[in-house]
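Every chain is named by a letter (A, B, C and D) in the order it is written, and numbering of its residues begins at 1.
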Amino acid sequence: MNQTISQTKPKSLLYLDGVSVSFDGFKALNSLSFVIEPGELRAIIGPNGAGKTTMMDIITGKTRPDEGQVFFKGDIDLTQRDEAEIASLGIGRKFQKPTVFESHTIWDNLELALNRSRGVFPTLFYRLTVDDKARIEEILSTVRLSARRDDLAANLSHGQKQWLEIGMLLAQEPELLLVDEPVAGMTDAETAETAVLLKEIARTRSVVVVEHDMGFIRELGVKVTCLAEGSVLAEGSIDFVSSDPKVIENYLGR
Amino acid sequence: MYRILQTLLITLCLLVSAHVTGLRAADDLGALVSALGTAKLAELDDRIAALAKSGDPRVIPVLEALGEGNLYARKADGGVFLTTEMGASLVLVDPLDGAQLGEVPKGELQKIKVNNAVRRAVRSALGGLTLFSADAGARLKAAQSMRQTPSADALEAIETALAAEKDVTVRKTLDEARAVTLLVSDRSDDDKRAAIKLLAEGGGREALGALSSALSSADASLKPDIEAALQRIEQAQAFWNAGQNVWYGLSLGSVLLLAAIGLAITFGVMGIINMAHGEMVMLGAYTTFLVQDVIRGSYPALFDWSLAIALPLAFLVTGVIGLAIERSVIRFLYGRPLETLLATWGISLILQQSVRSIFGPTNREVGNPSWMAGAFELGGLTITWNRLWIIVFALAVFAALLFLLKRTSMGLRMRAVTQNRRMASSMGIRTPWVDALTFALGSGIAGMAGVALSQIDNVSPNLGQGYIIDSFMVVVFGGVGNLWGTLVGAFSLGILNKFLEPYAGAVLGKILVLVLIILFIQKKPRGLFALKGRAVEA
Amino acid sequence: MIPQATVKRNEASLRRTEREGFNQMNIKARVTGALLATVLSTTAFNGAFAADDTIKVGILHSLSGTMAISETTLKDAMLMLIDEQNKKGGLLGKKLEAVVVDPASDWPLFAEKARELVSVDKVSAVFGCWTSVSRKSVLPVFEELNSILFYPVQYEGEESQRNVFYTGAAPNQQAVPAVDYLMENESVERWVLAGTDYVYPRTTNKILEAYLISKGVKPEDIMINYTPFGHSDWQTIVSDIKKFGSAGKKTAVVSTINGDANVPFYKELANQGVKAEDIPVVAFSVGEEELAGLDTSPLVGHLAAWNYFQSVDTPTNAEFIKTWKAYTKNDKRVTNDPMEAHYIGFNMWLKAVEKAGTTDTDAVLDAMIGVSVPNLSGGYSTMMPNHHITKPVLIGEIQSDGQFETVWETPGLVVGDEWSDYLPDSKDLIADWRAPMSCGNFNVATGKCGGKGS
Amino acid sequence: MITSFLLKSLDRSIVVVVAILLGLAIAIPALNLLTAPDHPLHVPTFLVSLFGKYLTYALLALALDLVWGFCGILSLGHAAFFALGGYAMGMYLMRQIGVRGSYGNPLLPDFMVFLNWKELPWFWQGFDMFWFAALMVVLVPGLLAFVFGWFAFRSRVNGVYLSIITQAMTYALLLAFFRNDMGFGGNNGLTDFKDILGFNIQADGTRAALFAASALTLALCLVLTTAIVRSKYGKVLVAVRDAESRTRFLGYRVEHIKLFAFTVSAMMAGIAGALYVPQVGIINPGEFEPGNSIEVVIWTAVGGRGTLIGPIVGAILVNGGKSIFTAAFPEFWLFALGGLFVFVTLFLPKGVVGTASAYLARRKAHRRAADAENARDNLVAEPMAAE
């Protein structure tokens, strides 16, 4: 398997090989390896403690792996960079718990996320251009929050916050989007709408979705990776994975 | 030689004058004692020597009383008496036969003034007189005093005593006393060489002093020997100095630990930036003062127990105050740690000013019980009892606290509440009550620390302020939320400080320690024993 | 509105002499005053005090913060002195009124409060300050507003200012005689100069070092050590002292350690067994008040040099102590040297005001020089032209009851020497505030006022 | 809507405050200098200096608010920057004394003369020139903040840990400046100043001018901080305060964002210190006291953090109260002060200004909610109606 992976490295968008990390003796990731191709929408499932969030932490530079390689776009070594740098490279991340800037308006949240120069002085002397304005309007309507643009993000409902966060990720214009449990706590209608939204987004970029909701994953209809105890248990279509006995034993538990 | 002559001459004169003026005196000794009453400060020296010369054991209590300032002369007739204080009056005791002579108001008597020179004279006179005492302790003291202030006259007496001495410790001291004395005598160079050798082997600071003073007056032939001996002792001292620094570091570390340990609960475990922590320490110290005040006034015999009595009381007093603070202020501020800083700062101002209004702004006297006073020698180390007890006490408190948190159900609840309040409360733990008790515990421990710190520091309203910054440094350095971190942090900062102090001086040493802490936090932003993992930053 | 305020103040001041009514009325009046002054910032009473029938005396001592420990006592002492004087009929037929403020051990606040006392409360003289820095902070204020400050604490000298009277000891009235005593009576040959790192110990030690060397002490026999304020861990330093003292020569410690740090210092000395008979410690900042926080029995024989001890056996002192204990309603309250300095300063001021017939600053400044009043140690102290006073110097040994016993005293009075003779830059300077010289730093070498020049 | 309203009202109130400050800068000196002492509107010089001092404190609190209120960095060491600025100014004033010192030494300040210093230490060079000193007033605190912040923010020292090490920093500086060997006058600090820019520092005119300078500087800094806070950078600051790692994942270099605010804030604190020193006439290590930094935090909290006017109001309220109470209740004022801190944290967590503006906002919101109720149907039909 390692061999095939190293061959795919140059053309893959994201490439993890043999990544391990442990906290106080607990091995959160155990020689994890997998690859995301450009334009791919991938779902990741796995039981609690399987290392899904830790994997995202490693990709986004929040946690440094003890060993292993993480490459972006073939040759950018992500283990040597910090969060801000990785974000500027074009990797966006949505947290498990919706994290938006609560004391800012929805508009300001998007303005902050907009992919513009992020240094101290460019922001200090930043002026909202016509283009930027149009872009924000566009995202507002994509995430269906146009009507509430001047409200504080704190006043949004849980589902709306999730969307706002997705909207912010869109504004960031990443090439790779990591989405952690986007439909947790959403109504069925919202869930269905989110699936549509994600698929729409995946048309222009790669997306990795971590989710427990099997219905939602089925709705996405994409390649699924199942993690357990820090490494890949099975990979393939949802039907293939969910019929794997190891997956059933470890995760689906039926 | 000159000195002997002088003493003899003066004694003679005294005897003569005593005979002339002292026809009414029953015996010579009485006259000698009475002569103390009329002597000027400068004359006392010689009159003490005269008394000592008599060799009469009855002189001992008189000299002791003189040294302690308990010898008085009656204004009316110049009679000299031993006294003990009884309120505003003095109980008179006949200097020679020890008979009680009744109480007299202070005003009727005149204290016989003494100064350091007189006290030294008394000490060496007593040394000569008690060298043959039946009590080994008294002999040891005598030997020590002869070692301290060598006088060639005493050499023969020391040698006689040495011949008869059986006690090993007294013998060793006497040996050293003899060597030291020999150096100032006119014995042969060979004898002196032997003495130098003995001193070089024994080491110690007294030997160093005696040898270096001998160096200036000794014959040229002896100088190389003395220099070699000095060098040898100094080498040994250098070794012990390092050990002494470690000891001082441990001792400072234990003080830091005591000051910080309550904070490790209120700040480390509960997350309250408790600026009133120092005031809890201060209140503990004031509790000690109150206890001692009552004891001094009513039960003087209990004085040695004062700290044992004060400890639980201080724990209670500060614990209750802590409870009150938590219930009235802190409980509204959970989840807003930085605001606890402001509120507790306000509380600390109020507590300080309250104490200042009640007890006054000046220092209050807290005494050392006898078992905490003084020092003993361990090899070349001087170890003071109070520091030793404070280290023991700090470790005991630490152990008890660790036990409480890790092994009792109360501790389990405390940890549960501080780790996940909501979960704990849904499991039926009464979280507000646990919060209050945890804060009270932290405050109570701070109060107990105050009892110990009252032994080495000022008991004033400002007491707590001196410790608050250091306490925070220790807790943060060790890692918030980790008791072991506080322990290791306290002792490593203490030792670091004491090793820097000889080179950099006290001020610069402290600055360096602070800078090192700042740099350390850059390296390990969550302290020495940080909790690792995903949960921390979430 | 203006007359109203004035009436209120007058009512208040009438009653203010009674101790009971004092606090309440004072508070009320001062709140009104301060509120009006600071909030409305009008001139409600600028000039309105002319008709006041009291003479106001400002008391500028910290009642909170680190210095409260020493200064609060002086505030009480001043209130007592003013109280006593009012019982005797006041001054110039008027009652005296104390104005107490709290500069809270905050040095810039000293300057602010001094300004408030002089320009808002219109006090005739201010008694206050303890630390050198607080005095330095208020100096420009008194100079600018031309008022009078009485400074009661021993200090480093090197200063003489037209508007300040220094009633505490200059270095030559404390440090130098103490060293003389140790050299003569204890034949000390080796010296540890230990002090807190601030200007008073620095200067005193500079003077002492120069003095000792001039007396033939070798530089290697002098050890100088400085510690920070409030230093509490003395283990290393005490053991260094012991080490330094074991060189076979008689050693003594000259301590200029300040206030709070003394208690742990002495506790450590006692516990490490440094006895006065072996290594005596002579202190210039340790008085009865500081010892009150200590069990002194292990410290018997250590020394202090002051111009007054509570134990001084004179009728005036006995009377003073009696009044003090009665006033504070506390039989255990002790008296100390700075209190005596205020006693002397206050009485000098009374006398000068009577002599001048007015509280007008310039007249009082002129009248002060040469005024002579009894001190508590049985003699008379006189205000010299350099604004320092004459005092006896007493050396006392600590007793087990927390008092000092005088073991030596200068045969006569010593004149405070503002510019030390042992410092190269100040030995040519003198101060004389009489006309026509009227100069605080007259250079006798160049014959000019204004320091060394060059 | 609420935000935009708040912003608007903030805008208006900032304009009002700036106008008041400018008014004071003219009125107080005029009332002090041009009216006769017995005129009912006369402002005594004593009060001019006192108010001037409050304004410098207000500037210090404003500087702290920029980092604490808007970026969540609770610095317990801001008094250090204030004091450093003060020392830079003090050194200039010290050099202006020249031969008028007690010893008449043209080069060395008095304290160096009696400690036997033979020449001026290198770090005192240049302070005889006002422009150099003025530069140092901002550069020294700025540089310290930059270096300190560079390390601290890069290692992601946060929250309480950051607060404690800022406290360690000011404490270390306190001890260092206490040392006489440092060459800054030890405990006594620098005092007995004679003149500034050739004007007698004790003259009424100079004091009035210093007051005016303080008021103008405060107004200027208020406008500046408003501009900073209003910019996109200011929004990033708040974003860092509310969700630091989110900001990071958006690609912002949080350490740079914080560092800029921290450095600017330290420079403002330095300027405040420089204006403070000539008005109170002394600078000494006591200004580094950790307690002072905590007090600044308290002024800010009392006034309302995260509002730009709050710290100004808080600093003036608390210090004004202190001036009155230390004179009126010398023995009891600490109770009042302590009680105030407890009261504010318990009952006015947003501070005076925060609470007042929140109250106003709520009233407005109520009114709006009522309107919204009526317009709800329209809202559903026309999603853009709320704009």
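Heads up, the rule we're going with is that a contact is a pair of C-beta atoms (placed from the backbone, for glycine too) under 8 Å apart; a residue touches a chain by one contact, two chains touch by 3 or more.
Here the structure is a predicted model, which is why all the values come from computation and not from measurement.
Shared contact partners of subunit B and subunit C comprise D. Distance between Cα centroids is largest for the pairing of subunit B with A.
The interface with the greater count of contacting C-beta pairs, when B-D is set against A-D, is B-D.
Inter-chain centre distance (subunit A to subunit C, centres taken as mean C-alpha positions): 73 Å.
With centres taken as mean Cα positions, subunit D sits 43 Å from subunit A.
Remark: subunit A and subunit B have CA centroids separated by 65 Å (rounded to whole angstrom).
Looking at subunit B, residues 352-353, 465, 507, 510, 537 sit in touch with two or more other chains.
Shown for subunit C are the residues in touch with two or more other chains, namely 63-64, 197, 226, 228. In subunit A, the positions touching at least two other chains are 62. Residues 1-4, 228, 231-233, 235-236, 238-239, 242-243, 245-254, 256-257, 260, 379, 383-387 of subunit D are the ones touching subunit A in the complex. Against subunit C, in their complex, subunit D makes its touches with residues 37-47, 49-51, 53, 99-106, 110-111, 113-116, 175, 178-180, 186-189, 191-193, 202, 280-282, 284, 286, 320, 323-324, 326-331, 333-334. Looking at the complex, you find that subunit B touches subunit C at residues 41, 68-69, 113, 115-117, 119-120, 123, 148, 205-206, 208-216, 244-245, 248, 251-252, 255, 352-353, 356, 360-368, 373-375, 382, 384-387, 455-462, 465-466, 498, 501-502, 505-507, 510.
Interface residues of subunit A, counted against subunit D in their complex, comprise 60, 62, 82-84, 87-88, 92-93, 95, 99-105, 108, 111-113, 115, 118-120, 123-126, 146-152, 168, 172.
Only residues 63-64, 66, 68-70, 72-73, 185-186, 197, 225-228, 230-233, 235-237, 239-240, 242-243, 245-249, 260, 263-264, 267-268, 270-273, 276-278, 280, 289-290, 292-295, 298, 300-301, 397, 399-400, 402, 405, 407 of subunit C touch subunit B when the two sit together in their complex.
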